[in-house]
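Presented sequentially are two complexes of subunit A, the first with subunit B as partner and the second with subunit C.
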Partner chain A sequence: MTLATLDKTRSIGSRVGVRPRAVAVGALALIGTFVVSVFGLGTGDFEIAPVDVVTTLFGEGNPAHEFIIGELRLPRLITAILVGAAMAASGAVFQSLVRNPLGSPDMLGVTNGASTAALAVVILGGTSTQLSIAAVAGGLAATLLVRLIAGRALHGFRFILVGIGMAAILTGISGYLLTRGVQMENARALLWLTGNLDGRDWGQAVPMALVLAVVLPFLLLACGPGLRILEMGDDSASALGVPVSLLRNGALLAAALLISFAAASAGPVLFVALIAPHLAKRMSRAPGPNLLPSIAVGALLLTGADFLAQHALDDQTLPVGVVTGLLGGGYLVWLLTTERRAGRI
Partner chain B sequence: MTGHTPRLSGSAMTLAYDKRVIAENLSVEIPDGSFTVIIGPNACGKSTLLRALSRLLKPTTGTVLLDGRDVHSQPTRAVAKTLGLLPQSSTAPDGITVAELVARGRYPHQGLLRRWSAEDERVVIESMEATGVADLTDRAVDELSGGQRQRVWLAMALAQQTPLLLLDEPTTYLDIAHQIEVLDLCAELHETQGRTLVAVLHDLNHAARYATHLIAMRSGKVARSGPPSEVLTAELVEDVFGLPCRVIDDPETGTPLVVPAARRRTGVEHPAPAVP
Partner chain C sequence: MSTTAPTGPAPARPGRRSSVRLLGLLVALAALAAVAVLSIGFGARFLSPGEVWAGLWDPASPSYRIVHEMRLPRTLLGLMVGMGLGLAGAIMQALTRNPLADPGLLGINAGASAAVATAAVFFGVSTFFGYVWFALAGAAIVTAMVYAVGGGRSATPARLALAGAALNATLYSYVSAVLLSDTDSIDRLRFWTVGSLASADFATVERLLPFFAAGLLAGLLVARPLNALSLGDDAARALGARPSLIRVAVIVAVTLLCGSATAACGPIVFIGLLIPHMVRPFTGPDLRWLLPYTAVLAPVLLLGADVLGRVLGSPGELQVGTVTAVLGGPLFLYLVRAAK
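Coming up: the complex of A and B.
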């Protein structure tokens, strides 16, 4: 890439646009998601060949296949794709806002806000609709609280420390709630807390899709360019005409909405919000929050993890959160070791 | 001051971070077309003044006027087309190339739909050529030397095409050769492009050599302002910095050159320590 002089055959415009590598990462992750989806839809008690899955998806299949795929397996898959995308987008925005690759909503108490509120509903014996509403409200409330306590400094350690503190307090409250519940409710609560896509139907997929349809365009068009500039520091961004606090609060609210709705749909599935943007950034090697590649990688991660959760063990299915926890934790350990060896941390 | 109002000025400003007041009743005028340098001891409020002028810090009382209007009542993007700033600490995002970073200077000129124009292309190339970083176009910013990096940041600020450009200690962390290189570049930009530059500098001799207008500050007040030859006297340096010194003519440029007084020996006479 090193050139001795300015190569006039390529314009600056062509050098500063979207990086081809980032497009490739996004495209590959989308193709991967599609492949995993086809296999996922075909695998189960009733096996369907990949060709038949594809024809069924295009509306040409036989009624039996249409029922099994359309009614039984597709809602869960779509929920996984949407939740994965939402978590990844939220993680990318959070990491960009706090300028720390570990600053994901899982670490900063937002996801804990959603779980604690949902847990309270479970213990009180509420319905699943009430649970979803509580999860969304809890996530947003936790975000707001962290924002208020951290004050003006959204970037850097103050926000992160307040977030970690919030996460710890909420974990404590969750623990207390679990001791108050009776056994049946506790089992349901623990399953939810692990993150689970079992039995998800259109009731979970549709709200998630609606939120994504509103929030993603807002993030991509209204916040994306500004977030890229904001990575250079508040002062630089402000000098370049970015309305810093407006952008921060807007992007933070949008990201909190995404992760809260995601948690309401599938529970607080661990590590997707942390790992997906990280992987996308590492592979695309592009500056900025890398929203689109992150979203595609997030969808791939969660569908892949859910495929493993359903089919890795012959005799039983796992909650998807167990798989993402194992994979994500493993990735994190590997990453920290290699980064340390490379002298970057 | 003259009857003509400059484009950028601050009047009767109180500058404070939360409750900590840095300056009270501070007024400054930045002469149009000048290369103004602000000097003063540590914590005298010179960087704070620059932050206020660049809209980063809102004065508790008083106003900063840009083209006759309160800078804080104007939209961020509108200000960014007139007033540029190179902050002391900017972070180059990981893996960003020189071209990408310089192109970000075009941000205030771009809209939601209009992303890259022939004008952007021309200005970015010109800015990179003016700062001598055109041959670094595709290099990653984080692998450049400190001097190169500072020139890239300057190129970005130039690409913003603002008639006024504020620089907060642009020579910090650079070795002496790169300091001179960056200041020469600033002087050249000031002369050839007719931009008004305002810089905070620590080195009095650099300030004297490059400034056309000097503002000396002490504990939140303007101690004196005017051409370097009038401002930078031995008496002022002693008064503002508490440093006894002589001011002689710079043999290269004839501008004031501050020579700190030799240490006065007390008690038993020691031989001067050997310089390694």
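Coming up: the complex of A and C.
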């Protein structure tokens, strides 16, 4: 009797259960995000002291500070937090599904689908609303295509290879689209393709928040525990009562939605979806997709990168995608060497 | 899509088998000649094969100038670039024993193009002869990295390809970041970053030639020792080969071929992947046959893609890099699906 109950409590415990390390990682990342936010909100042409930023955030500041923070700086920051969180959640699900730390939506053609569709709209001279819709549709369409072509085995190398092939095809097409535009459009297109947060307002933050509000609970409650079991293998998972193919398709769709909306809001910012879940996993040392820690780390990464992008150079601001691209490159080299030594890549 | 040990000529009737292969090689050469004639013939003004022939040899012919000033350099460049990328892919596949090793997919071409973008924007380099050194350096660094990641036994094809995709993404984002800092270079380099033969002239062809010839020679010379290496290091040593020397030779050859090809016409994917795969059923894994077949058929694909781009895109043209990605991509997906 004791053994059975012990077993049961343990399995329930690890399902709902609280892993202290994971909680600590998530909490630290959230505190970090808050600190970066306060400094980010305070820095700019008009400096505001951190104390004033905090009082303003709690609604006690003076009107000038309220205008600068609430109207000018907060929308961009909120967009960065939400986009970072969405990308990280999407990356965590993808990495868990394909069982490879490099298997993020950036590498598997999903982001390329979003950017190719958006690029077509830029070249045709569409509005920014049309661009966002095209980006979402493109990301979802690319995911669907990869899924259909790859067939049943989602974890296997076939899904990865089909994704990479799709990414290469779409890169070719976007290169062609870039040659069609005139010079100014190209600069705008290239800026969008790099990913940047300049001039983001509530128009970008609100849709992203809505999508997160719907998709995140679904991922956390309906998919998280199942994904953790799925990492043990399909057979074990179905023996344990996980509806394998339903779970996979549901999680894939949710992750594709998140990354497509994120790309529509901020452009296809590279590497957040790749790095954040991997960092979170390394630090929390927990099995499974590590959704909550990943989300917190993703928010920290993108707000931090955007802070650097705005203030690293004195005379100009960089697109945030440049900063994540450079960070990502360094991280990638490190990842390739360490993970290879451990035999995981 | 698996690399098996070389079977060698079948014990029964070995002579007949290699004469079939020789015949096949002749057919491939004929196809190359046909595509070359098409490539010279197609354009704003169509030239019949007879006019092409006259234009090639007879200075008095009305088509002489069109052929010599515009279409012949382009065709020669396509020939060299196709051959280089195909060969580089084939020997990379043999060296890493990884059927997905392609200089485009693994990021080698992207490494060369990142170096060229750096040269163009930060150092104001604008000629092929300036580009090529940077391109070679970029290609060499990425080749070494790819080999470090993919050379061991632990790397599966999918993992190597994924590492390459990530490298590609990094380098691509670097290129766009560099280009963003300078609007003029966006305009200058945007055709080049897609992969295009349109800017070919005789000067480029002449300057590409030494790098290409050295790479081609090195690539073809390693065929036999690479065959030995595919048995494993110990067996190769027993057969008198020197594994580390072979590896260095392959990396040098790949660097020369990919670096110079990319400097001349930008990053092009899939050529080095598809052609070795398509010819392997005829030649088997023996590189002494595989490499010549690849060297002849890869330019057929590249020139064919270029001609198709000119036909489909007329009155302008589709860049050859786009056509190879759009044509080669589905073929790649098919190969992936066909493998279990």
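Just so we're on the same page, the second predicted complex is superposed on the first by the 322 of 345 C-alpha atoms of A that agree within 3 Å, B and C clash if a C-alpha of one lies under 4 Å from a C-alpha of the other, contacts with A are read in each partner's own complex, and residues count from 1 in each chain.
Keep in mind that, in the parts below, a contact is a pair of C-beta atoms (placed from the backbone, for glycine too) under 8 Å apart; a residue touches a chain by one contact, two chains touch by 3 or more.
Small disclaimer: the values here were computed from a predicted structure and weren't measured.
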{"item": "Residue contacts on subunit A - larger count, subunit B or subunit C", "value": "C"}
{"item": "Contacts of A:L221 with subunit B and subunit C, given as first, second, both or neither", "value": "first"}
{"item": "Which superposed partner A:I173 touches (first subunit B, second subunit C, both, neither)", "value": "second"}
{"item": "Partner chain(s) touched by A:V162 [first = subunit B, second = subunit C, both, neither]", "value": "second"}
{"item": "Touching partner for A:A49 - first (subunit B), second (subunit C), both, neither", "value": "neither"}
{"item": "Which of subunit B and subunit C A:L191 touches, first, second, both or neither", "value": "second"}
{"item": "Which superposed partner A:A312 touches (first subunit B, second subunit C, both, neither)", "value": "neither"}
{"item": "Partner chain(s) touched by A:L210 [first = subunit B, second = subunit C, both, neither]", "value": "neither"}
{"item": "Set intersection of subunit A contacts, subunit C complex versus subunit B complex", "value": "none"}
{"item": "Of all residues in subunit A, those that touch subunit B in their complex", "value": "1-7, 11-13, 15-17, 99, 221-222, 225, 228-229, 231-233, 235-236, 238-244, 285-288"}
{"item": "List of subunit B residues in touch with subunit A within their complex", "value": "51, 54-56, 75-81, 83-87, 89-97, 99-100, 103-105, 107-108, 110, 112, 116, 120-121, 124-125, 128-129, 134-135, 137-139, 160"}
{"item": "Interface residues, subunit C side, partner subunit A - complex", "value": "100, 104-105, 145, 148-149, 152, 154-159, 161-167, 169-174, 176-177, 179-180, 183, 186-187, 190-191, 193-195, 269-270, 318-319, 321-322, 324-326, 329-330, 332-333, 336-337, 339"}
{"item": "Residue numbers on subunit A that touch subunit C, as the complex places them", "value": "100, 102-103, 106-107, 149, 151, 157-158, 160-162, 164-169, 171-173, 175-176, 178-179, 183, 186-187, 190-191, 193-194, 270-271, 274, 318-319, 321-322, 325-326, 328-329, 332-333, 336-337, 340, 343, 345"}
